[in-house]
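Next come two complexes, and both contain chain A; in the first it sits with chain B, in the second with chain C.
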Partner chain A sequence: MIQMEKNIVSFTNNTVTKELPIQINVENVNIFYGDNHAVKDVNLPIHEKSITALIGPSGCGKSTFIRTINRMNDLIPSARCEGMIGYKDVNILNPKVDVVQLRKEIGMVFQQPNPFPKSISENIQLPLRFAGVRNKKMLKETTEDCLKQVGLWDEVKDRLDRSATSLSGGQQQRLCIARALALKPNVILLDEPTSALDPVSSAKIEELLLELKNSYTIIIVTHNMQQAARIADYTAFFYQGELIEFGKTKTLFTNPEKKSTSDYISGRFG
Partner chain B sequence: MKIGKMVTDAAPASGGKSKLINEKGLFSQLTDRTSESRGKLLIYGSALLMIVAVTAITLFLSIQGLRAFVVDHLNFWTFITGTEWFPDRAENPSFGAFPFIFGSMAVTFLAALIATPIAIGTAIFMAEIAKKWGAKVMQPVIEILVGIPSVVYGLIGLSIVVPFMRQHFGGSGFNLITGAIVVGIMILPTVASIAADSIRAVPDSLRQASYAIGATKWQTIWRVVIPAAGSSLLTAIILGMSRAFGEALAVQMVIGNARNIPASILDPSATLTTIITLSMGHTTTGSVLNDALWSLGLILLLISYVFIVIIRFLGRRGEKR
Partner chain C sequence: MNSKITNRIAISVIIACAVAMAAILISMLGYILVQGVSSISWKFLTTSASPFLAGGGIKDQLWNSFYVLIITMLLTVPIGVFGGIYLAEYAKPGKLTSFIRTCVEVLASLPSIVVGMFGMLVFVNYFGFKYSVFSGALALTVFNLPVIVRVTEDGFRSLSRHQKEGGLALGLTHWHTIKTILLPAAFPSILTGIILSAGRVFGESAALLFTAGLSTPDLDFGNWNPAAPNSPLNLFRSAETLSVHIWAVNTGGIMPDVQTIANGSAAVLVICVLLFNLFARMIGKIINQKFSGK
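After this line comes the complex of A and B, so read on.
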């Protein structure tokens, strides 16, 4: 890591040539935990059907920021957000926003795989049931469809009734992604989805994300800079609560504007 | 052997003993403050005493409880299925314990039926809705309620529930459902407290997963948290039931103590425990009635063991998941 030369980083998958339309527009967002100013004045466009990676050292505010996009921070009583996150002509941070509906459109996957201690099929069907879907045929079809999308169908089709906790860590995480897809969201947030997984499982998830970006907007927090370089179209570098630099991944990694960005990506700190 | 040899080889050439070899006698092992044997003795001793006590109680109850069948030649089958309990009738005394077995079961299940919804509701409120208030105020209050002697619950039943039942449902007010209500209230704090603990033990990651797929708070509690706490919630209920099953005093004060099977829940009735506490003082050791009461005690013990086995089974199933 320390001697990460530019030639180690491959950009084979970053195929964005033209600018994609903006789906989420972040303007002057400030986030506080009590008196702690965790995220400072962030401005950032999230482009549709692309992967945006948020990188930066621990405690830089990237996880806090991603959790604000679907208002998961509401669960922390001391958290407070200011500014604007524009999505479909509304400000997500508006207290009048229906967070239940919002989270149906902006799904989330967490660091630790957290399947429900229920059967594999129930894990995918639960979001639909929460949304009021009763039709058995539709539940079944969605289960198959989502599992196919994450490449888990062939591995589990004979044991859909088995507990989801019997799957391996990597399979559990792919199940969690399938669960997030069940409601056909527009955006998927992933908070360090591979940091608890082995390299092979991580590679599978990365491959999967590259496929999913054709249909979904993906925002991923990652500790792993090579991961960002491999899969992200855009990368945002956070440091001490501030967004230091944002740009196309290739530009950011090969020709960073700020010194702290180049220090971080070349492994001098972090 | 090899290790021992190596240590001896390593001993100082001056002939002094190596500290690595324990050559202390039994006495010095017990008096030495740094010795491990003292702690070991204390802990092993306590464990042994406990095992001996449990075995002794079981053995003693078994011997006493079997006397009725072995010495007094009562038929075991007619004892547990017979419905007539007239032990002191001069001619043809009969020992049919079924009304009491039935009474105990009825009180236990009705009490669980009354207590469970309220207890689970309280637990959800404490552990999910008003977390701070629940942990700081309600949990201690509920723990105090667990410690209130059962006679107090009996007194409250006697002065409030019995008159209430008399006014609204007729009769004396001393009946099966009154007993079940009093015991239900009594086990409520036990069940609520354990249930709240098991809800708190559900990892937060599951709640987050649920919220992240657009669940409301109620959906999260009902469809994710409660099922995840599932088997430990059942354990809480069964623990409450085993307490209800063993309760004598509070039940005896309000149930009416009739020796026949109640035709409805508004009829007076009796349980295994109440009949033992009521009759034991009036018998002489070695009499048939005395032996029969011991048999009731044995049945009580066996059913309590069944409750414990169920709790263990559920606990193990919970761990597996």
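After this line comes the complex of A and C, so read on.
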């Protein structure tokens, strides 16, 4: 089974050879929705300027976990988190943390592209202006810069004042990534960013992520094991709320330690 | 075969209902307009009503209707929109919130004559605002406010959760997300609600009988000082609105051309509501385009 899997999956982009410094350190994190223990005792290092993929079957807690890293779970009244997510010497889970500042440093892109129903340029400039950028020239330059980074500039430069909802799904998702980049975050969280997109758009986003990892730390939740194998340096396998296995992507896919990991990646469940 | 027949029957019933609805609307509008348009003239719109003689107009009543509408909207839209935002975005689910929501619903369904009596007791007598534009606007506020709260809350709730998450994930505060993303996105549905409720306020009579009064002082349209007793802008003068005028003329009018005045007033009322709708939609479209890009 594993042998077969190797033929499907290629590991062309997993270039990490030496261990990169740790940017986020997750220790004994437990997440509850009311009485439901959704994430159980997770310990995980997130390495700087690399892509970490979270994989696992639906309902395994991977989305819940990634949404905790920038405290998006605060929106759900019944959600409760325990443990420590260390970032820059603070525990992100501490209620005193300024979530607005935190989310500027740890950006997020969602499964469903969610551009604001405003013009393309306004989508990028609105958060910038809120962050205090008033200089018009700078706003314009950053807009151009971010759109170029996601490869959208040539496609939209003549219609920056058009509504962002007129873009295709793939373009919308790249705009959402550009919008997150505008704030110059350290970490970008992506919650199944390509699962609502067609294969061509997905490939473009994957390419983009490989480029972005030179400057940003990227954590991506994905349903798609091939995607994890193609782009991730590290992979974490979640199952029923537990982190079953974490390691370098190549090791995890070719030589998993746990039986359930090998069962999942060989397609026996999930 | 069977399901095909059911399908056809369902479609026929739905079409029949739609046709019946349109027919009722068109025949009523047509009747009112055909009866009334012939009595509308520039003179009819620009002369004051005459208590006994033929040839009276509706200038003051028309003005009063718009004035009461504007004051009511100034009172209800800000409070209603913020109340709706509170219920949709800030209120935590619980007993208090559902109690507030029930109150809003009950308030919205109060019979307007009851609101009128309440207005007379509280605003006219207790607070001593007398029969006035202000008392009338306050009474209308009582039943218009819950409508605005409701449409705002629904407008916000119908927005996708993703928009809110998108704003928050970009480091915007909750309020800034509401102000710059959610409110503009909910704007079209809130505007529709405001237009519909404005039509209702404009045509309301029962709630105004005992609050805004059945008479109007001799208005001097050259005097715009709100403190002057005969100024059109004075908030504390009595103000008979157009729909109250229709009722008053029909029930107790002693001028010889009662029928013409009533028909003409009704037609003007309907035309005003229609125009109001069209304008509000046009403005809404322009504003929405400004918010959302081309």
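Structural remarks
Heads up, the rule we're going with is that the second predicted complex is superposed on the first by the 266 of 270 C-alpha atoms of A that agree within 3 Å, B and C clash if a C-alpha of one lies under 4 Å from a C-alpha of the other, contacts with A are read in each partner's own complex, and residues count from 1 in each chain.
Throughout what follows, contacts are C-beta pairs under 8 Å (C-beta built on N, C-alpha and C of every residue); 3 or more make two chains touch, one makes a residue touch a chain.
Just so it is clear, the model here is predicted, and its values are computed rather than measured.
Annotation for the three-chain superposition on chain A: chain B and chain C clash.
Contact with both chain B and chain C is seen for A:R103 once the two complexes are overlaid on the shared chain.
In the superposition on chain A, A:S119 makes contact with chain C only, not with chain B.
Once the two complexes are laid over each other on the shared chain, residue contacts for A:I85 go to neither chain B nor chain C. Within the superposed three-chain model, A:L54 lies out of touch with both chain B and chain C [touch as defined at top].
By the touch criterion defined above, A:P127 lies against chain B and chain C together after alignment on the C-alpha atoms of chain A.
Legend: residue contacts after superposition of the two complexes on their common chain; A:L139 is shown touching neither chain B nor chain C.
With both structures placed on the common chain, the touch criterion links A:D161 to chain C but leaves chain B unconnected. On chain A, the patch touched by chain B and the patch touched by chain C overlap at residues 70, 72, 75, 100-101, 103-104, 107-110, 112, 114-118, 126-127, 130-131, 163, 165, 176, 179-180, 183.
Those residues of chain C that touch chain A in the shared complex are 92-93, 160, 162-173, 176, 180-181, 184-185, 291-294. On the side of chain B, the complex with chain A involves touching residues 203, 205-216, 219, 223-224, 227-228, 321.
Interface residues of chain A, counted against chain B in their complex, comprise 70, 72, 75, 100-104, 107-110, 112, 114-118, 126-127, 129-131, 163, 165, 176, 179-180, 182-183. On the chain A side of its complex with chain C, the touching residues are 70, 72, 75, 77, 100-101, 103-104, 107-110, 112, 114-120, 122, 126-127, 130-131, 161-165, 176, 179-180, 183.
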